[in-house]
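In the two complexes below, subunit A is the common chain; its partner is subunit B in one and subunit C in the other.
Coming up: the complex of A and B.
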């Protein structure tokens, strides 16, 4: 078990390093930040001094080696815009996104398990067809548009919810709802598919022959065996949730890591871009390892 | 693989084509989706020449014209935007970019991913490893963020948008192709070709690639909707398509500032995206059920099934 975690961690570290290298060189290609941060009429000397201060005057590969050296001593660079440690900026925003993601993912998984199982238990029924249509719509809806329409209806027309920002629990409703759409839609499809397969298997007949109640058969027997594919997809969706978070945070002005990254990219705040990527990638890799361990818990046949 | 194979073999003979059509007609949702996509395709291909440049013509008198009135002609039925341009006309013209970019990105990623997957699956040299590791890196990171970074580096333009969208989808085709090649290369016909002296390139191109293609086409069909959504997200964030060109996603972004007094500017293009991706997903889910022998009866004997 420990050796498995160690192996996975070393693989992950290689991937993260590759990603960092990719982003490092890509962001350096976007141009010199000094043209964006210094006033237009600043002298060539001032520009040179700025470049020297942040190390932009060195060749790119040398900057990268220096960046790696600093990483080893846990120095993640300074945010040019905010004049403080880039990692502090990223770690300040990350919990905001994490809170959104965890709540959205837990709610949509729980809801999808119940709704998908019930739909699969009576395939072809009205409930099943409504669920299929609703879940496919959820998976197909452009999230930025749903967010806008949500604001239009609930914030502008009825003035029930705030348009954007954080604060009261009311601020959570729209972002969570928009973030839930896609995972919920896709998960319902997966749960329904897996349950259809499970409910057709012989042990369900046995359970029925024993005289178990329908609820017990669906949730006690079939669902447990359908959980593995659901968890795989849920894991993929969680890392994809960052995509949704970028949109949701932009539309609702949520001070999370997605918005931070977009702002940092546009402002050419390289150190912050790298730190946000480091934080997100690490979180995703930890999540993936947790999912692999969860497999072993759910399916005793799997051993690491 | 079985999905598209049985699909194509079913629709190949004329008698079976009618069976498939009848099944499609029974599933009302899938039938509606097919009709919507048909109309959309016709409108996209034939619409823009008919409309001409009304979609770009400014009309100060029709500024923020509300929808559902025929007073200014049928093109203004869905209202007009802040510069008085008819939204319906812009939707039709915007469809060309929206669907064209998605189609180009899907084809590009399928071809590149397929070729790289063939190499990674058949060759055991070092570059096979490199290809896989790079694909792992791309897969392990949220696609939208990666696209944002690359797009900001390259600068937003239609061709760059296509490249970026393709880049984030390539690993999916690559992995599938590689997995299939690993299985196919052990088959008898490959050994036979090898023993007859065929070169690796010939084996891959003539014998293995045709076997992988149906799978890739299936994935591409499902991927199309995802790519439309990804493109509109990028354009919505302002890093995708740039004016004067526009897509549905960019139209939603344009109307965002006028929500309180002119909701229709961003509502209709978003609805168009939703209906298109929903239709694509409905159809592909229907095709999957059709292709699955265990589920197929649900579509064929819908009348007899207890409802």
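Coming up: the complex of A and C.
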């Protein structure tokens, strides 16, 4: 197990370094940051001084070598816009996104397991049809629209919830609800599909013949054997959320890493782009290792 | 029954807890302002950036002068009087008894420090853009007097001093800061990724503001900001979209110092022909186009708004005359101008509300006039390549969508950029016009105003290097607790001292 983790970690480090190199050169291809950072009517001299101050006047390969040198001393560079360490900026935003992602995924997965299993136990029933309709609607509803409508109904019309921001448990309700919709919708379908297969298996017939209760059959036997595809899809969806729930962060003013990353790309704040990608890539690699380990826990045939 | 009871209890608990959130500020003199963008930093040398200026200007930091929103003329602030003692030098008298929020006295040395920090080049100072490539040297004469010398005659130095934020001499001179200490009526207390807060500064030299504490938050969605003020979560938000300005009691429109226009690249055929440039102006159904921006926008004939020194009220905008436009295009064609050459209309995504729709409409109208116009929408990073010199060499004939903001009181912040051969956005190359511009920039008083008006007239009638569209309108939602109205300066500052609470 430990050697597996070590092997995966070393592969991950190589991948992260490759990714950082790619991001470094791709960001430089977007152009000169001074044209976006300085006012439009700045002089050419002011632009040249800005470039010199931040090392953008050097050849790109030279900038890259300096970046690698700084990385060795864990210096991830300064944000030209925020006047502070780019890594500090990224690490401040990441927990905000992580909290949202973890809560949204835990809730939507738990709910999808129950709802999807129950729907699969009575295929074609009214409950099954309603679940299919609701889950497909949830998976296909645009986040942006749901968020705005949610605010209009619950914050503006009924004044039950705050419109946006952070601070109290009430601030979590709308963003989590919006974030849950798509994962819930997809996972319900995955659970339902996997459970339909599992419930038709001979061992389930045997369990039924032995007189086990319905709940015991569904949640005790069939569900465990249906979890592998669910974990794969849930892991993929979690990766997407960890990368940043940009729309939810934008609409609800949630200071997460997704909006930070997009803003940094648009504003050519290279050090922040690199730091946010380093943080999210590391988190996703850790998540993938966790998922691999979870496979082994759930399926005794999988051993590392 | 039990379930229904539980739901009712939860709903009541939610309502009880949210009513505290939404209306917690009602009884106090604390206000919350919600801005469209997060300020990336709070460096006082960047107050010309909208989201920095709206927080710091006249609240935490003050300048030597302040521009009168109605006349465009500089008024005393930390400087009480000024006089030009020779072509290059202005003598500035400072206000006595002013203290910085850290207790240090404001004197000539402190002002000289602020100017040196701004112009020294050790840090990137956005406000320096207003000075162009001038160099300034400040020399204290006595405690409350200093001389400011420029490397060339600068008749509007007092106007330019409105962007020199005076900060405590204890501020690092060689690196940007996020915790500025100025002389303003409010002292910055915190700045993080979600809020900026400031409290009233009791040692302020001027009248004590009514507001005791201000908190700034930011939401990029206009509808969310408007909803925050409507529900009482916030008290004020600038720059809401026209479709969100639905409540006449709380939503105020104001001329916001921005002028929209199209820049014509005069160096490329067929746009190097005056008839074509005139036809471009005449082919647009301006009344129809106005519908995209709301009834309050004002048709523009020049690149500065009324109230800016040099704006000519008598200069008429181009009329809509499609027949004349077609005639001019035909005339140019007969004279050998390659009118069939493709003209690329370069728009910028999100430049202003309905900007993309405006470009589509204008492209269609120009095509109707017989011009081969093709629309391309670019993001800001690509668009800037066409806006600023050096322009891409491979470009053909281009029309560029742009918006210009001059709220600094003088046309000197507009004319040389757009019309001088060396101007950052200029496509004009006319030594005689350059000479007229230089004369105007060196002039002062009425002569300066007259010269600027003449330049705008020439640009409108004889040069036609741009297509002025509209002087734009901003919409601000002000909560019912506050007594305050926005004006032309609101895009650059929101002075808390001017905001009062309703009884």
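In the analysis below, the second predicted complex is superposed on the first by the 292 of 304 C-alpha atoms of A that agree within 3 Å, B and C clash if a C-alpha of one lies under 4 Å from a C-alpha of the other, contacts with A are read in each partner's own complex, and residues count from 1 in each chain.
By definition in this document, contacts are C-beta pairs under 8 Å (C-beta built on N, C-alpha and C of every residue); 3 or more make two chains touch, one makes a residue touch a chain.
Computed from a prediction, not measured in an experiment: that's the story for all the values here.
**Q** One more residue to check, A:282. First (subunit B), second (subunit C), both or neither?
**A** A:282: touches no partner chain.
**Q** After the superposition on A, what does A:170 contact: first (subunit B), second (subunit C), both or neither?
**A** second
**Q** Does subunit B (first) or subunit C (second) touch A:250, or do both, or does neither?
**A** Once the two structures are laid over each other on A, A:250 reaches both partners.
**Q** Which of the two partners, first being subunit B and second being subunit C, lies in contact with A:148: first, second, both, or neither?
**A** both
**Q** For A:156, decide between first (touching subunit B), second (touching subunit C), both and neither.
**A** In the superposed model, A:156 contacts both subunit B and subunit C.
**Q** Which holds for A:46: it touches subunit B only (first), subunit C only (second), both, or neither?
**A** Touch status of A:46: second partner only.
**Q** Where does A:123 make contact in the superposed view: on subunit B (first), on subunit C (second), on both, or on neither?
**A** Touch status of A:123: first partner only.
**Q** A:83 in the overlay: touching subunit B, subunit C, both, or neither? Say first, second, both or neither.
**A** second
**Q** Which of the two partners, first being subunit B and second being subunit C, lies in contact with A:261: first, second, both, or neither?
**A** So A:261 only meets subunit B here.
**Q** Please identify the positions on subunit A that touch both subunit B and subunit C, taking each partner from its own complex.
**A** On subunit A, the residues that contact subunit B in one structure and subunit C in the other are 30, 148, 151-152, 156, 250, 266.
**Q** Would you tell me which residues of subunit C are touching subunit A in their complex?
**A** Checking each residue of subunit C against subunit A gives 11, 14-15, 17-19, 21-22, 38, 40-41, 43, 48-49, 121, 123-124, 126, 128-130, 132-133, 175-178, 193-194, 217-221, 223-224, 227-228, 230-231, 233, 379-381, 384-385, 387-389, 413, 417, 424-425.
**Q** Can you name the residues of subunit A that touch subunit B in the complex?
**A** Answer in residue numbers: 14-15, 18-19, 22-23, 26-27, 29-30, 123-126, 129, 132-133, 136-137, 139-146, 148-149, 151-152, 156, 189, 196, 200, 239-240, 242-243, 246-247, 250, 258, 261-262, 265-266, 273, 277, 280-281, 284-285.
**Q** Using the touch definition from the top, list the residues of subunit A that touch subunit C in their complex.
**A** Residues 30-31, 35-46, 49-50, 53, 79-84, 92-93, 148, 151-152, 155-156, 159-168, 170, 250-253, 255, 263, 266-268.
**Q** Within the complex, which stretch of subunit B touches subunit A?
**A** Contact set of subunit B toward subunit A: 29, 133-134, 136-137, 140-145, 148-150, 152-153, 225, 229, 232-233, 236-237, 249, 252-253, 256, 259-260, 263, 266-267, 269-271, 273-274, 277-278, 280-282, 285, 294-295, 298, 302, 305-307.
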